[in-house]
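Below are two complexes that have subunit A in common, paired first with subunit B and then with subunit C.
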Partner chain A sequence: MMRERAFLIGTIFPALAVIGFVVLYPLVRSVSFSLTNYNLIFGTHSFDGLQQFSSLFSDPTFYTALLNTLLLSIGPMLAAFVLGFAQALVLNQAIRARSFFRGLALLPWVIPQVVVAYLFRFMFNQSVGVVNVVLKGLGLIAHSLPWLALPHSAPWVVGLIYAWNEVPFFMLMLLAGLQSLSGDVLEAALVDGATPVKQFFYIIVPGLRRIITISTVLIVIWNFNNFTLIWPTTHGGPVNATTTFAVWVYVQAFENFNIGYAAAIGVIWLIFLLVLTFFYLRAVSGSEQ
Partner chain B sequence: MRRSVRSQVLVGLVVSLGVALTPALAASCSRTVTLRFANWAAAEAATAKEVNAAIHTFEQQNPCIKIKSVALPYNEMVNQLTVMAVGGNTPDVMEMSSGWPQVLAAQGALANLKAYAPASLLKQNFPAMLQDGTYNGQLVALPLSLTPHGFWYNKALMAKAGLNPNKPPTTIAALDHDMAVIKSKLPGVYPMGQMSDKALYTMVELWPWLQAYCPTPPMANNHLGWTKACTVKAFNWFQFLAKSGYIPIGNDIKANRQLLATNKMVFEIDGPYLRGIISSINPAYTSNAAFAKTFGVEKIPVGPSGVSRTAIDIHLIGMSKTTPHPHAAWKFIQFMVSSPADVRDFLIPEGGIPPLKSSQAAFKSLLNQPYQQAWVKEIIPEARPVPYNAAWDDAANYMIDALQSVLNGSNVKQTLGLLEDQLKRLYPSYQP
Partner chain C sequence: MSALSPTLTLRRSRRRARVWHGVMVYALLAILLAFSLLPIYWLLATSFKTRFDIFANPGQFFPFPFTLHAYQQVLSDPHFLTYFKNSLIVNLATSLITVALALLAGYSFSRFRFRGNQALLLFILATQMFPSAVLLLSLYILFRQLHLLNTYPALIISYVTFGLPFSIWMMKGFADGVPEEIEQAAMIDGCSRMQALLRVVVPMLVPGMIAVALFSFLAGWNDLMWSLTLTSSTSMRLIPPGFILTYVGQFQTYWNQLMAGSVLVSIPTVAVFTLLQRYLVQGLTSGGVKG
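Moving on, here comes the complex of A and B:
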């Protein structure tokens, strides 16, 4: 019994050590930095209590970044979910060239995010962007607009980029779910005279509940952490209209070298992520049961 | 007898070998010093060959010193240098852009070059350029290549709009007039470029205009100065440019250069290296004649401040405070700023103007293009430093936010009031 225990501890220990080194240590270090005035440029590094948090909560950028992070996490997820679900339903039917279309639908997911960001940046460029050309051609706008430079349009464009990039993920997850639904139940409903709308709301959606929960929470977490789609397109501008926690931490830590402040933002960010992770883990454990 | 001949031949061979090896032995070193030289020139295809050639020449002239070029991308370089300095791993010598010496010197990473630079060398520099490499009274970097911004204009487009291509606007009032004409006559062409993306370089482009409006621009002499009447006027003008559609909003420098090079923009402020950038974008302007026929450059138009001023945005070179080989490092710095070989093979081909007045005189024949003459005679003497300091990057983010707000139609006075409050927190000792 003792030997078995020692063996178990011996085999688990390397993994625990790695996790401790790459997860726990940086986490503890970040929290400790957030309690200091650590600044690489001014060379300050002393205990500062909760001063960084106090400054953070009195900084209007914090609330802008929080709101942007929440909106850009949830808004594009909802849009991508609806479109992804629609795609999954279509691609679950016995249509011609189904495999080809399934492959095609995955394209936005397989393109690296930096490439996606630059593609959209060029598409929405005021001088040479195709979006302005098309909208002007259709008579919807009179002059080319700097979509990514206007505070009221930039968040929408960034949201669109997120959504475009995430549709295939929902399609893939929900298509897998649809294929695992029992055909007998759907056939029985059809025989009982259930309309396609009723089938969708009373059979398909409840049947996919776990997958929907897991995939939506996952996407919200990913969006919460996304940096690659925002930085190349707007750098968090204009006027912080697309500044999220991820962008703000980067600016504070790696442009201003204000490590203590960046760590304080990181701690608040982490608390939000822990809440989301809690829901994710609950959904996963529910699905396993 | 045979033996004696053999010995004579052998002695002759040894003597000949000795004679042949004498210079090499004289040049050999008891100890070779290796210096790490961090620079962006080696990281860019357009300048890598030139900087490597300069390094090679230096090594030939100084066989006891080897240079290890550390190529870093320009956009990343100040961050990398900061991290290196914090880690106690600062390169021995480093190329820098304006504003970086202050950031690195605040960390105590740069040596005071006054201890090494002879008065004769300092005298050959422009005092304002030396000021750009000064931090708290210490000379922490020497000017390497003079690249302040001038006012570029497209003569062909001016003529097309019915303007006199040989008379570019020299005042802001004339510029406003010309922009109105261009806007009405040339649809699809931007009268002027003004960066407004969230990049620190945006402030470099903005500064000459602030200097045109304010005799003492904001942040100078420990004053914030964002709510002064002249600053408000300058921002009102930026808003007017955006509202009138004279400038594209949100563009970065690359987008504006692209528009200028492809005849879709008439005016833009930029450095002398724009000549090379334009021909790399549009090969039609590769020859000096074709370029000079279409593009001209002038000093910045005069505004209400009454003088033409441009912001100093130059390349500098500095030495690590902790280098174990300060004398070798100084020798290399001196070579880079003053050696005729470096001026001829690196500084001029790179697209800048050599920092020393004596070099500018000595290489007159290589600086004879109209645009180069404009820099030597008109633009460089009018250049003044941007009041860079250690917290500049942080402050610039707020300044760019204010600019973007104003370009998007926000109330100018309120926006600048908010900016002043934000900066007050960063610079508590500054006066309004």
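Moving on, here comes the complex of A and C:
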């Protein structure tokens, strides 16, 4: 009995220790920084109460970053979900070399995100980008546009990059879900004369509800935290048009060295994520029973 | 001409419907895959172009003249090779450590029921969702005080936490699939639990360990923010920050070299993934699909 307990502690403790050191300790410390005027340039580090939060709520960038974070977390997720579901439905048909096509479809997710960011930055470049060439060829634009330098188009391009990158994740999860649905039920529905559309909405979607919840919430959380796809493409610009919490915290902490302020942004960001995480955990644990 | 018999007409129209269905499926597949694959084609095509063609003819579809010049340039750049080596060292170490930690913890979570075990599991998963820039803020200051900036250990211990929470869940899922009688038999034969785990259970968990290794490798290989912040010297830099700081100049960008470098740094992840994708799919969906 003692031995079993020692084994249990000895096996779980190392993992918990690493998580405690790299996740819990810094989390607590960052929250405490948010109550100070800690600044690596001015050398200040003293208790400041809720001063950082009151400057934060009167900072227009805060509302811009909040809106950008929400839009960029949810919009691309919806687009990627639709496309990924379509890919999964097609790949679930009786086609030859399915695993080969599935492998191809996974490529946008497998190549490193920094590569994805530069690839799109290149394709949307004003002077050498292929997007301008194609759109001019189709007569949709008269002359080449600097897509990533215009406040109206940059968020759309960044959103497209997110969506393109995460379509394969939805495809993968939903295809696995489709393959686990019982074929009998689908066939019975067909025999009963259900149209494919009815079959989709009354059998497939309800059957995949749990996997849909988990994968959409997971993608929203990942988008909420994403830095790698935005930083190399726009640096949060032009004029904060693509500044999200992740970019803003990075800029405040590691370019302005305004640690207290960055921590205050982080605390607000964390509250949003905790709400999302709650829904995610409920979906994950609800199914265990 | 006599009319065709009704059964033959029916069979024909059915076959025609099936053929149509097949054509539709492959047409849809082609359209949907084009969205995913055209940018990747463009990445490859550009890497084989000359710098002149990229500027003079930005719409050129096939690289002509076809040249490996960009690859030669990238591969003869000592910095690139340093970044590649650093990324490999850090991510391989991360993978190994994550597999070891996740194996032990995942096994115990699978075999023991103790007070709060479900809550602890959910809590571990929740840590995966915390905003990493917020954690990095404090860790940067801590690593600076400990003189661990520009070292492998700082990067490795950080990267381990990227994949560890999810990996513990994956390993628990795989361990749940191994019948408990197997290690009980070994323990009756005189093995300790640890010996039973290592000799009897581990061989059956190989697919799970591969899935975890792959997942944690990909998570670390993808990181930009941590490596950008925790390293500043050229000799310790990893690939993602190396990309930003090498090929993208203020006035001109070497697109063909950037794309050739992109292809080269994608090879490890694509290769590993292609060889082992079924394990990762199994791992990622083990928690998500069942239930």
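Keep this in mind: the second predicted complex is superposed on the first by the 271 of 289 C-alpha atoms of A that agree within 3 Å, B and C clash if a C-alpha of one lies under 4 Å from a C-alpha of the other, contacts with A are read in each partner's own complex, and residues count from 1 in each chain.
FYI, contacts are C-beta pairs under 8 Å (C-beta built on N, C-alpha and C of every residue); 3 or more make two chains touch, one makes a residue touch a chain.
A quick note: this is a predicted structure, and the numbers were derived from the prediction, not measured.
After overlaying the two complexes on the shared chain, residue contacts for A:228 are found with subunit C alone; subunit B is out of touch. In the superposed model, A:277 lies in contact with subunit C only, and not with subunit B.
Within the superposed three-chain arrangement, the count of touched residues of subunit A is higher for C, of the candidates subunit B and subunit C. In the superposed pair of complexes, A:81 makes contact with neither subunit B nor subunit C. Of the two partner chains placed by superposition, only subunit C is touched by A:173; subunit B is not. Looking at the shared chain after the overlay, A:25 reaches subunit C, while subunit B stays out of its contact range.
Contact with neither subunit B nor subunit C is seen for A:162 once the two complexes are overlaid on the shared chain. When the two structures are aligned on the shared chain, A:127 is found in touch with subunit B and with subunit C. Judged by the touch definition given at the top, the superposed model places A:150 against subunit B, while subunit C stays out of reach. By the touch criterion defined above, A:62 lies against neither subunit B nor subunit C after alignment on the C-alpha atoms of chain A. Shared interface residues of subunit A (contacting subunit B in one complex, subunit C in the other): 127, 254. Against subunit A, the residues of subunit C that register as touching in their complex are 25-26, 28-29, 32-33, 35-37, 39-40, 42-43, 46, 54-55, 58-59, 101-102, 104-105, 107-109, 112, 114, 118, 122, 124-127, 129-142, 157-158, 160-161, 164-165, 168, 192-194, 218, 221-225, 229, 239-240, 243-244, 248, 255, 258-259, 262, 265-266, 269-270, 273-274, 277, 281, 284-285, 287-291.
Residues 40-43, 125-127, 143, 146, 148-151, 234-240, 251, 254-258 of subunit A touch subunit B in their complex.
Residues of subunit A that touch subunit C in their complex: 3-4, 7-8, 10-12, 14-16, 18-19, 21-27, 29-30, 33, 83, 86-87, 90-91, 93, 95, 101, 103-108, 110-115, 118-120, 122-123, 127-130, 132-134, 137, 164, 167-168, 172-173, 176-177, 180, 210-211, 214-215, 221, 224-225, 227-228, 231-232, 245-246, 249-250, 253-254, 259, 262-263, 266-267, 269-270, 273, 276-277, 280-281, 284-285, 287-288. The part of subunit B that touches subunit A in the complex is made up of residues 79, 82-83, 86, 103, 106-108, 190, 196-199, 245, 248-251, 255, 259, 264, 390-391, 393-394, 397, 400-401, 404-405, 407-408.
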